[in-house]
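Questions regarding the structure given below will be posed in turn.
Every chain is named by a letter (A, B, C and D) in the order it is written, and numbering of its residues begins at 1.
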Amino acid sequence: MAFPLYAGVYLQHTATIILTYLCLALSWDMLVRTGQISFGVAGFFGIGAYSAALTALNLKLDPLLSIAVGGLAAMAAALVLGLTTLQLRGMYFAITTLALTEIFRVIVRNLPGLTGGPEGTVLPSAIFDGDPTKTYWLLLAIALVTIAISEAFQRTRVYFAITSIRHDEMVARSSGLDIFKYAVFVFAVTSAIQGIVGASFAQQYAFVSPEGTFDIDFTLLPIAMCLLGGMHSTLGPIIGALVLGSVAEYLKLQLPYGHLLVYGAVITLVILLMPQGVAGKMKEQFVREQ
Amino acid sequence: MTGKRMRAVCVGCILLAALISACAPAAAPGTPPATPTVGTTPAAAAQPAAAVKKPIKLGAVIPLGDITGAQSAKAMKLAVKEINAKGGVLGRPLELIVVDDEMKPDKGAAALDKLATVDKVDVFIGGMASGVLLGQAPTLKKYAKVTVWTGAASSKCEEAIGADADWFFHIHPWDYNQGASYEEGWTAITKRYPQIKVENQFWAYEEGAFGAGTFKASQDLYNQWAKIQGQSFKSAAVGGGDYRAVLRQAKEAKPDVFIWVGYEPDAMGFVQQAKEIGFAPPIFLGSPPGWPVAFGKSPLSEAVWLYGMWAPAIKEVSDVSKGFLDAYVKEYGEEPATYFSPLGYANVYIVAEAIRRAGTIDKPALITALEKTEYKSPTGDVVTFTPSKIIKHQGIKKQKILQYQHGQQQVIWPFEVATAKPAYPFPSWEGR
Amino acid sequence: MLAVRGIDNYYGKLHVLRALTIEVGRESVGLFGPNGAGKTTLINAIMGLARPARGEIVFEGRSLLGLAPHQIAHLGIALVPQERELFPLMAVKGNLESGAAHIPAAREKMKSTMEFVFELFPILKQRLGQPAGTLSGGEQRMLAIGRALMANPKLIILDEPSLGLQPSVVTHLFGTLKEIKQKASILLAEQNVRQSLKAIDRGYVLENGEIALEGDAASLAGNEHVKRSYLGL
Amino acid sequence: MSALPRSRRYQIAVPLALFIVVLAWWHPYAVIEGVQRAGLYAAIALPMALILGIVGIVNLAHGDFLMLGAYLAYWFAVHTQGDPLVAILPAALGLFLLGAVVYRATIKHVIGSSELSQLLLTFGLAIVLQQTATLLWTSQPVSINTEYTSTSATIGSLTFGTYGFVYVAAAVIEFAGLTFFLQRTRLGQAASASGQNPVGARIVGINVDRVYLIVFSISLALAGAVGVLFLTRHAVFPLVGGGLTFKSFCLAAMAGLGNLRGILWCSLILGLAESLVSTSKEYAGWADLIFFVAIVAVILVQSHRRQVT
């Protein structure tokens, strides 16, 4: 990979950003494995971020504790919403989660007393006083937990449940699995991850705002990463996040004007040339060589 | 079976790579300590005396995809070129390193890390969106490097930077500076032209941070001298563009002044739809960060007032402005479209002159020198740094009140740089 | 008329068709075999929906290999797929018309062909305005056959037309094949061998992607293997 | 293309008509402006629903193609000093050709792959278009003012803008044109057959690939033409398309994928509701909420109904 190996803080910061997206991408993929495409990543990210920022500010919670609160809040929201929306399939579920993100944003913007309104809320200081190494370790830890959960989902009963939801609901039903229960469970867990990531983002940059925190990029980029890397696996989203995250940063430095154009072209070309994603392509090569 | 093993191997490799990258700074020599050491800037302190010809590095973080940032970067490059042509500063050339922030707080903060640790710049400059500076504040505080910032109007940023940051110099006026400045301006204008009335104001503000923040700041400020009411709208920049509901409310309020605070894409819509519903208040004023291409060419722009920092017409009353404008047009073959270009130009000159006065790039000396700045800026202002509500070093506090006349933006106030007299009241829409 | 010579086809690593050769003249030909023997794969290969790895397919002296399905349809081959593949939101009338509308030669005879279809399947005339998606299984099958006939084909291929239908409907369907044969050659893929043997002139038995047996209807009906495996005697 | 049975249509239409009458008496401007807004929504969303219904692809670059049409008209108006509306035909033609090229080069290759690959492909296209526009024209918006844009009429004590009805007209013409095309022309029938069942379409002799190409190009041509209309009343800048895609996508989902008539209804409901909320002084900031709550509600109710029946 043509990743520029600048030593030090900058690399760590870039790696932290990539890990942030990696967690979002992987959590999104975990839900996709049940057959549900969510466009609501930014929504749970934002709920986590706001809950963490507001509890840290108003209840003087420890930043790490507030991050946990962020995760819990996102999980609670997902439980409530999942019970009503997970009945929807395909594009209808996707659009509903997208709309919910916008609904969260509008609510946050219109409650200035609680949330700081359109201007957002500033925290007095960043987590670990802005120490990039500690922040990196935090995100790495969150990423490792996410990877562990993803692998656990791939190896346990949950795997059977969620893949059978995706492939054939009738089979899953007749085998006595309460598939809806599993879908809600996965939705809650993945949303909690997204909430935790959002919360640490808020703590890292010490501010939340409706425009910045509910940014649709927090939904779109992770999806792009999963597709590039390959879906329905732990490895695919990881590869996608590493590749797309470092390519984006590298391009920016090499090509100050027009780097986003190349970025878009790269996405288009990868879809045309490697429709199964980088991981899928690698696997194919691997199998062929054997 | 092989698939699973391969997956395990790959996950392992990635984890290993991640661990190495985290440990790398500990191993790499010459990296600055991660926690800020108060009082010293490692990069500045480490400068060996022998390296006389070594360039002085300015690191700029700007959104290059946006015209404001693009033109700001162009003007900075122009200023650096001019200064270097005259032998640089302290016998050393200036080097400008620009990193795109993509209007994203995380990217903006990472850009600062790159400039500080990879390029090892001496001073941070640049800046545009408030939302980005908010995210950059922890990083800026971590390095506590001398920072001269052109952008960000939201006073939330001031909160985030904090009172202790003696290294932070902010050129752009804060939202409440702007509000206070307009109060001053209108008081002066109404004194000179007693027929002009501004007591009763109706504000239409875009519902995001920019509009709502500006309105709130002004509302807190204006209770003394003007009665203001307001209503939010959705900017065309984020998918809105129907202003008729808010315009109709404004019409019912019969204000002396109608002000809209939004973005460039709202400009034409506001005049078109005001004409459509027959709303022509005595003063029709817009306050976006910039204007659309050739807005002045439309007959609807005639006598529209605007708030701003600069207009090309200032060249008629300011030599610095004329010098900048001519040089910019010569260099790039186009007139700058936003005030961020003179601001970027001023940004480089303010830093360069301060370094020259300080005779060094040592932080304490540079800060003292910057505090004594008295720079005649192409925006028509004399930039000095004085305390604002929270921070110690606020540059420009004054805005300008301008008006479109015959297709050009003319300065009405401050009177020292005025290029035209006000056209009042606003002519009716009929026949335009 | 139609000659399939030595085609091989793979589905992933699975060898589905092995050096398969069949021929259809101006007659009605049956294609029998258990589920998974390769009947549908062969039909898809003829229709251009699947691409064989080796071999050739010739229709009236023209090679069909490399042609797209719509081009093959234009040459005069019409397919009644197992899954029927109707246009569910379109009315019965629209579905029938669609069979002829995109083939210039058939378009001119649309009216008279439709009369012929109504003679075979009077029920379709009653359902003319009803969306195809709301028809019963048997009606949908009739509509699919009707749509294929609308193309005025030289060869009509029926893929398991009896699948999932009541016996009475099956009898009616197979009864119409004699009239259809007046207009076009027929290639009939079926598991219901007993009924089919009454409707065809000649037949092939396909097993594991290979021709296990071939012969005219009478000789097949008398064959021990056929009797045991397909007629349950 | 409407899958609604006739009786259901009245269930929607009658309460809606009642609502409009009451609203017109209470807040006449909300009705006038809501209808105009609905026209704009529908005009923009219809071409997207066309691709979705027939080619089966969610075109996330839809708004960006519209942006391209608008820039084309701007360029045309500046260079000829003429009326931007004259550019409708050239813009439609230009976008039609671009559509053919884009289809051949990209879309064709993801027909039949997963929904998400298709989404990501058009997402990549959207970025390419936006960034190309930024490099060519910068982020500074362009707008054009024509005399007719601000025309208004007075009925009794009501003074309202009339130009906004151009969008209503555009939506109606688009809908009528598309309906005629899909039901009465052979190519249109082939298109609607391909949309309902591509395999079925192939075996009756339809060149589905060519149909997709033409439908994609027609949709882009319409987007280009609507882009020209858009320019006459709205500022255009490289990122303007994102919001338009987003709204169209929501409308298409609310209407039921590919349901053209549903787009008209849903646009009307949303236009009126938004317009009503933004006229109320205290709650104007919540107007967006209406849009999204309405979408979620409609989707949930429809899914519930599907489960019951």
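Everything below uses one rule, namely that a residue touches a chain if its C-beta (ideal position, glycine included) is under 8 Å from a C-beta of that chain, and two chains touch if they have at least 3 such contacts.
Being a predicted model, the structure only gives us computed values, none of them experimental.
Peer 1: Could you work out which chain's C-alpha centre is the most distant one from the centre of chain A?
Peer 2: Chain C.
Peer 1: Using mean CA coordinates as chain centres, what's the gap between chain B and chain D in Å?
Peer 2: Spacing between the chain centres: roughly 36 Å.
Peer 1: Using mean CA coordinates as chain centres, what's the gap between chain A and chain B in Å?
Peer 2: Chain A and chain B have C-alpha centres separated by 32 Å.
Peer 1: Could you state the distance in Å from the CA-based centre of chain B to that of chain C?
Peer 2: About 73 Å, centre to centre.
Peer 1: Could you pull out the residues of chain A that touch at least 2 other chains?
Peer 2: 109, 257, 260
Peer 1: Which chain D residues sit where two or more other chains touch them?
Peer 2: 131, 134, 285, 288
Peer 1: Which residues belonging to chain C are in contact with no fewer than two other chains?
Peer 2: Where chain C is concerned, no single residue meets two or more other chains.
Peer 1: What chain pairs are in touch here?
Peer 2: Here the touching chain pairs work out to A-B, A-D, B-D, C-D.
Peer 1: If we count contacts the way the header does, which residues on chain A are in touch with chain B in the complex?
Peer 2: Listed in rising order, the residues of chain A that touch chain B are 6-15, 17, 19-20, 109, 117-120, 122, 124-126, 129-133, 136-137, 140, 143-144, 147, 151, 201, 204-207, 209-212, 215, 217, 233-235, 238-239, 242, 249, 252-253, 256-257, 259-260, 283, 286-287, 290.
Peer 1: Within the complex, which stretch of chain D touches chain C?
Peer 2: 1, 3, 186, 189-190, 192-193, 196-197, 199-209
Peer 1: Which chain B residues qualify as touching chain A in the complex?
Peer 2: 2-3, 6-7, 10-11, 14-15, 18, 21-22, 24-25, 28, 31-32, 34-35, 64-65, 70, 98-100, 102, 104-107, 109-110, 113-114, 116-118, 131, 134-135, 137-139, 141-142, 154, 156, 159-160, 162, 207-209, 211-213, 216
Peer 1: Taking the complex as given, what residues does chain A use to touch chain D?
Peer 2: Listed in rising order, the residues of chain A that touch chain D are 32, 37, 84-85, 87-88, 90-92, 95-96, 98-100, 102-103, 106-107, 109-110, 220, 223-224, 227-228, 231, 257-258, 260-261, 263-268, 271-272, 275.
Peer 1: Per the contact definition, I'd like the list of chain D residues that touch chain A in the complex.
Peer 2: Within the complex, chain D contacts chain A at residues 58, 106, 109-110, 113, 115-117, 119-121, 123-128, 130-132, 134-135, 249-250, 253-254, 257, 285-286, 288-289, 291-293, 295-296, 299-300, 303, 307.
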